[in-house]
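Should a chain be cited, it is by its letter among A, B and C, assigned in written order, with residues numbered from 1 in that chain.
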């Protein structure tokens, strides 16, 4: 890709950032929070995409990293009295280290077994968060002291989104990303052609674990209350997966597009049809898995609107 | 260019690999002359594919050693062996089907060279195997012959000194085979590379290899020049006797 | 390796129990412990049955059906509806629910899964995941998220002075055993059962031999759904359930078939009993045990996959 194209993409990103900085103040607090959560899902979908889109290890339990971040913020703020910003870094570190250990174990499993092992790991951590009452407050969760923080959290989420997009962009346009792709395509060939697959897979999982943890931390401070069933809610994983797949896994634009479109759709339908919208999402997952495995971006490539591959 | 006459590129000593009761490779030793094209042949099930997988680290040997540049590389992981300058192709091509030709090439570049250098190298090699026109096409959309060429070019990305080719003639038509063999000879004669071909097709081996090793039942039963092999009674017996 | 792991896993609840001083080894404790083990064993019969459904699908089609637990949940609601709506005895209701379940499995296979058998492994996984989501929320729309129970023979049957089993457990165990054995005999002896096993062995050869494999896939899915719904019926007379309990049953069933060996029917039987016994030990000896039991399934599943992916009885194919 030429430098001009990188520059063009950067300008688009900068324009979006400026818009997100200056447009929401015009609207209500509700709109602001809507944009904040949309950015959260952009972060989550892009992160999921690093391990599952590029590397092909489809995670059914990615909410675990988000939940770990939420709890790191909750525990450190409420029980240890930290300021909320350092807790985000702590959450990212804990989540990253956890991902490295977990990945070392489960990334040797292939395809569906990795997926289910991740699901089991996420549910297992949820149980631990429920049972370990002295640390996590158990099923009652942790309540934060009440403050008005919608601006702080909005800006923090914006910064996180920018960083995540830049990292995802780097992954999507570098030899690192190409090597992750090679692992997805043919792990034995990749290994025979110089890719230390264990190292790359674990790196990808750690990268994809850090940003959801920070996002979870910001979110927990924003809503001022966490409990195991909401922070380790399987629906969060479903959204990450569906948004990224719908937009096009293994691309940078795809997960962003998917999150922006589908999060808006779910926000509108959720209020009017709380149950029906999840039924529709379930049907939609079936449809996407069956008929558009490469998502919107695959569609664009087939039509000649976008080029094949990630590096040109 | 000096072909390093008489020097040894790779030396295999008493290599063993058993699968349960089956002695796939049972004490095999041979030495690849530097800067030459060597061939490894043998009837089906003679252990040549297993030997190949032991050399490239896909399988771990039970015992024995593989000495390359004074280092025992037996037991290293495949990527470590690759990074020491030994590259390979596969019997059935293993190109990355949902990556473009250019990405296939770039995926095998060494992380020690800059991306700019890697890109230049990829462009040159695509030119070399005449795939430049297809650089933005998915690997899976290429014809079998083009995939074979792509795999061959991809194996050269790191400028390896030793190139292992697993049945390059399998499933390839005459024109393409001729084309591949020209490339192979160019690598050997003009660039001084060492090449080992594992092959079923006797013609390829006899006409293009300078030194030939014959395996049967997991051991080397003969080695020598093509004409020596052709008249070796052990070889004739191995191929036709049972 | 697996043996050592299992020994540690089964010793762990004792260790925790001794550490937290809830294990005494006196006569009363031993009697209670026996009661718990016995009840766990019987529970295992039910687990084994719905685990067998998952293993059947995997064995024949190499598909992991993550909506299997949701089918179990569906079975529980079908039984609940029959009991409270029509006043039908939960066991008699099986005559009504099992044919329906078979049709459901058949239908899902025909409409959704037949097209993706043999393709990329992740496609059916994602599709059944979506299906599970649909099932949960359809049930939720009808029945809400409230926990439901079916009061059915809750009294205990005394075996001796200190040892007793729940009457509903005993009946569940007997029913599960009868149904599992029935399916096993069907697979071994019946013409269609043999065709199913032939397809599991090698679908291409089965096709050449004149077996319509898509037909076989639909029958297999129907049988698996029936096993799951039967499991749901037998679970519903013992425990409370709500629409979201399905995912736990999926993971339990997956743990069972991983432990027993994927695709192995007898393996699922053994795995089911082993998991249930471990769960009962945890709930009895570990503080906070009722929440901790879930960890048994997750832990067993992950560790067995890592230590010995083919499980106890599985073949060494992948």
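The working rule: a residue touches a chain if its C-beta (ideal position, glycine included) is under 8 Å from a C-beta of that chain, and two chains touch if they have at least 3 such contacts.
Just so we're clear, the structure is a prediction, and the values are computed from it rather than from any experiment.
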| item | value |
| --- | --- |
| Both-way neighbours, i.e. chains that touch subunit C and touch subunit A | none |
| Farthest chain relative to subunit B (centres taken as mean CA coordinates) | C |
| Chain occupying the middle, per Cα centroid | A |
| Averaged-CA centre spacing for the pair subunit C and subunit A, given as whole angstrom | 32 |
| Rounded Å distance, subunit A centre to subunit B centre (Cα mean) | 42 |
| CA centroid of subunit B to CA centroid of subunit C, Å | 50 |
| Residues on subunit C engaged by subunit A in the complex (per definition of touch) | 64, 66, 112, 115-116, 120-123, 125-127, 129-138, 140-141, 247-248, 251, 254-255, 288, 291-292, 294-295, 297-299, 301-302, 305-306, 309, 318 |
| Residues of subunit A touching subunit C in the complex | 58, 60, 105-106, 108-113, 115-117, 119-121, 123-124, 127-128, 130-131, 234, 238, 241, 245, 275-276, 278-279, 281-290, 293 |
| Touching residues (chain side subunit B, partner subunit A) in the complex | 56-58, 77-80, 82-83, 87-88, 90, 94-100, 102-103, 106-111, 115, 118, 136-138, 154-155, 157-158 |
| Subunit A residues touching subunit B - in the complex, by the definition given at the top | 174-175, 178-179, 181-182, 184-186, 188-197, 307-312 |
